[in-house]
Amino acid sequence: MKKLIASAFVLSLLSSAAIAADPVKIGFLSTFSGPGGQLGQELLDGFNLALEENGKTIGGRPVEIIQGDDQAKPDVGRQAADKMIERDKVQIMTGINFSNVMLAVAKPALDAGAFIVSSNAGPSQYAGAQCHPHFFAASFQNDTASEAMGLYLQNKGVKKMYLLAPNYPAGKDFLAGFKRFYKGQIVGEVYTTFGQLDYAAEIAQVRAANPDGVYFFYPGGMGINFVKQYNQAGLKKTIPLYGPSFSLDQTVLPAIGDAAVGAFASAFWAESFDNPASKKFVAAFEAKYKRIPSPNAADAYDTARLIDAAAKSIGGKIEDKAAFRKALETVKFDSVRGKFRFNTNHFPIQDFYLTEIVKDAKGRPVMAVREKIDSDHKDAYVDKCKMAN
Amino acid sequence: MAEPATNLSRLRDVVPTLLILAALAATPMVALAIGDPFIVKVATRVVIFAIAAVALNFVVGYGGLVSLCHAGFFGIGGYVVGILAWHDFNAEPLWFMSGTSDLAISLPAAILLSAMIATIVGAISLRTSGPYFLMITLAFNQMFYYGAIALQKYGGDDGLQIMSTITLGPLDVSNRYRFFYLALAVLALTLLLVGRFVDSRFGMVLRASSKNETRVIAVGVDPWLYRLAAFVVSAVLTAVAGALLAAGQQFISPVDMGWDRSGDLVVMAVLGGVGVVWGPAIGAAAFVVLELVLSSWTTHWQFVFGLLIVLIVVSLRGGLADLAQTLFARRSGEAKHG
Amino acid sequence: MADVILAVDRLMKSFGGLRATNDLSLEVLRGECHAIIGPNGAGKTTFISQLQGMLAPDAGTITLNGRDITGEPAHRRARLGIARSFQITSLVPDFSVLDHAALAVQARLGHSFRFWKNARRDPALVAPAREAVETVGLASRENTLARDLSHGEARQLELAIAIAQQPKLLLLDEPMAGMGRKDGVAMTELLARLKRDYSIILIEHDMQAVFSLADRISVLVAGHIIKTGAPEVIRTDPDVRAAYLGH
Amino acid sequence: MTLSLITEQLLNGVQLGVMLFLMSAGLTLVFGIMNFINLTHGSLYMIGAFAGAATQAATGSFLLAMLVAPLVAAAAGLALETTLLRRFYGRDHLDQVLVTFGSILALNEATRMIFGLTPLRMNLPPALSGHVDIAGIPYPTFRLAILITGLIVAGLLYLVIMRTRIGMWVRAGASNRPIASAMGVNVPLVFAALFGAGAALAGLAGVMAGPILSVQVGMGEPILILALVVTVIGGVGSIRGALVAALLVGVVDTLGRVLLTPALGSMAIFVMMAAILAFRPKGLFPAHG
């Protein structure tokens, strides 16, 4: 067994020994296997695209990406993160998509002195009380997309809403975020088993409650199942579907197909965004990967460019942690989201838009921007954050 | 006349056990020598899963009872340590007692709680046998799993972080080397206990019951109580492994007690070989190390991993232990001829 | 009545519509070898299984040494002194000959909640086990695993296990089933020795063996005992000849 | 809940049950007759769904997809059986679990390498995409079609098993294996055929689930667990038990989700299984004496 471990070690040494001196080392930990594997690949593709456009450099230095698979299991993620930090000596960690993996990984990574620049997961703990000088979320805080949709429906005067989400913390966060701004009547608030396949029973309950709209948060396969079945039940026309972009983005739309057309999503970015950075990104992504990018890919793309811009502003010397932190906090880059800046808790302040799912010229369902919901939206936890100096 | 057989079996069991423990004990020194402390973390994970797999094999390999609720006990052990530490860190009393980050208290608590739960679960599950036992234990595992998710106060699905420093009595075990040797000592104890148990009168009844229940009843023994005792012992040792996992990674989550983790433990045991006490320890090492090495090569590592498992089960009837024994036998055979 | 070790009173057992045991009454005397014979399908093994406790009768009582054991489970009956050798050999494939006998000894000695001491090196188990193994003539094979035994040896081992239990009553279900002539003769000699020490209920198709061993014989036809008597009485009984031996 | 809502939820439960029956039928027979725990059954379901989705994408025909999927699943099942799994019929359950576990990993990953990561889409044919009125409830036509198809298949299966020579052999095999093999049938051939038929049913369930669920890698495992629950509650080897248990699981799961708290709703069928097995340790309709 000792031999096994030793040979495992030698093998990984061989792969890392060939790299040129002084590269920036970035650990990309995400879910690559199992049903969640699609999201990890989406994030990695967005991240890699930005690096390639940049000649595979960060802040003018060559970059080495150490990839890790967390299998959507916190303890597996923890082990992979330990390896990245201790053996590969990564300086920045990114890619993590599940909040529970983030919570298992963040503390040891930060304790070891690494930066975390999240391209996806943005748990409320790190936006609030546990905020950390070296923790940045270039993506979003979990609740904000739901807050935007709640705000929109409140402003529009929609009276009765029915809420659905999986029974896990992110599901509760999303619905809590929605209720933070929506003050109308909530005629149903249902939490289903994580990974549930069939929603016929819940949809029947929705029909019986006859609300003015349904707000749902179902990521991945759950969202595909729910939207298809909702459409088959014939409810989409009478009771409109509203969701955060994660329930209706390009990771699921191709599989849902026409069933999603007519649903509404709140988003900080959509593939139809009309700014030069975004258009360039979408075109490059489609050309390279033969599919439309999702907001997750856009976030990862932004994350890489954000890290690069910050590193560049200090001449690539990210080893100076105080300077790098400062550079990240005040980073200026050409975000695909148009406007982007960090709040004091290192979570983004960004605009939110209402989008509707329509078919594009090629007949593919996409998110089309309808109106801006909120400018410079901040998360709800920033007041709890006492950022250390 | 019985002596030669006994000596042979002792050689078969004791020598590999000592080799495994010695190899593990040497890993921190290797890690230090080549300057890669991460190896110690991997070795710790190997040791913890080895404890659970060896414990599970007590009922699987010797009792003929394939349990799919051992991840549940693994998680129960972890949550006892985690919850007590949470109350310690937040200085909030837990019913009548205060929280603690001392393993000298939380380990016995984990043992006690898992023993109580295992007694109830075992008493019900052991009414069934064969595949029905497999599925009823799966049902209990699902109940534990959803129960842990319902623990919203302790993080629910997000899991529970241990913020305080874990100690063992006056000893700070947050140092990875110290913690590794603590885990290794528990593995050694587990191997010793299970090794003694399977050769004892108790073990004879347990093993005979798994192969021929009718015969055991006919000589005047009701296997039920023996199976229950074995189930409880196995569950308790698994809970200790879970407690160590939580203490070592400072974190426990419901994912650690999902049914697929139960399946992983069974796979480790069978992969290593259920016929010998130390087999599952090798299986755990192979599983953990293969997973780590393969997943660093390719995102399609599960394809290779799956094929390797198929290959092993097709070619080796007694798991990796079989391979080890064959190699050992051939080498000593060659030595004799040479 | 003191010399009756086992009394069976109006035992009934049905499987679906089939009456496998039909109003069966029988008394076995202490120290006798009581053979039960009957055509195939007469319900002999079903009857033995009810005596041992693997099957529960629908009605009737079974009394061992004056104690009603009808409701007792099989393992407790074994502890009360009933030992059974199975018609179809029932062994633990990866246990040695000695292990089997030792298992029976440890069951007799009380509970087996002893976790530490190696059972295979426990003289309290090994010595009596070896004695039982020697009695049936398997001494030279004591370390052989059950799966490596010949058919005849496995039959002998079945007996060794039963003897190691030191039972009050031995239930022998076709101990010679499937044996060649030579093994059969050896087994008959062995049984002749055993009957000096034990009360025995013997089910056997080998009539030569039955008539040489049995003190009394009961004839079972369609789940009912039609006759009980000394071998020479049974041999000449016209009803028995008609029902069983006649063809 | 109103009466019409209860009716609708019962319909939903029965429809889920019918799907589960299609999955469990093959599982319980292979388990009962070959004494083989086939964890790859969920992968065969996945293969059926992918084959169906790919066929529809290529030809646009849902009907063709319905025909191709069971055939591809059966072919995959037969390939697995003849090259690998048949060696494990006589082996320990543990070895069977291990070899099929390894196969699941490899099959899932292979599917991912072929079809990529994005879930596939299956569209409903226009004729089935509307809804029909059942006692005042607008019920999706496709779900009704699943229900009817499932009941027809269940009925046919019942007739085959109860009324034909093959069925007689299968029943004998499920309750007494030695007798079955002593009946002088070409055992390997019949085993393979049975395995293939079970795989075809799993493939059919997969393609019928395609328009409702997302067609993605890993879709087989959750349904495998439910099918195992059904198999065990019904009694291993019993077709009748599988039918009753499938409907029971479908209805209890559906109503549990509606009537209970989320945590309890998730546990409902497992609590039910534990309770049933505690009182009937060999399931509701034990096939082996």
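Quick notes on this one:
Per-chain residue numbering starts at 1, and chain names A, B, C and D are given in the order in which the chains are listed.
In the analysis below, contacts are C-beta pairs under 8 Å (C-beta built on N, C-alpha and C of every residue); 3 or more make two chains touch, one makes a residue touch a chain.
Values in this document were obtained by computation on a predicted structure and should not be read as measured data.
Once CA atoms are averaged chain by chain and compared with the all-protein CA average, the nearest chain turns out to be B.
Separating the centre of subunit A from that of subunit C, both taken as means of CA atoms, is a distance of 74 Å.
Per-chain Cα centroids separate subunit C from subunit D by 47 Å. Rounded to whole angstrom, the centroid-to-centroid distance between subunit A and subunit B, based on C-alpha atoms, equals 36 Å.
Listed for subunit A are residues 33, 37, 41, 167, each touching two or more other chains. Residue positions of subunit B touching 2 or more other chains, listed in rising order: 149, 302.
Every pair of chains meeting the contact definition is listed here: A-B, A-D, B-C, B-D.
Note for the complex: subunit B touches subunit D at residues 60, 66, 124, 127-132, 134-136, 138-140, 142-143, 146-147, 149-150, 259, 263, 266-267, 270-271, 274, 300, 302-303, 305-310, 313-314, 317.
Remark: subunit A residues 1-2, 4-6, 8-9, 11-12, 32-33, 37, 41, 67-69, 72-76, 78-80, 82-83, 86-87, 99-100, 103-104, 107-108, 123, 167-169, 194 touch subunit B in the complex.
By the touch criterion given at the top, residues 52, 54, 73-76, 78-79, 83-84, 86, 90-96, 98-100, 102-104, 106-108, 112-122, 125-126, 130, 142-143, 161, 165 of subunit C touch subunit B in their complex.
Interface residues of subunit B facing subunit C in the complex, by the touch rule stated above, are 1-6, 196-197, 199-205, 207-208, 211-212, 214-222, 226, 229. Looking at the complex, you find that subunit D touches subunit B at residues 31, 37, 84, 87, 93-95, 97-99, 101-110, 112-113, 225, 228-229, 232, 236, 263, 266-267, 270-271, 273-274, 277-278, 281-283.
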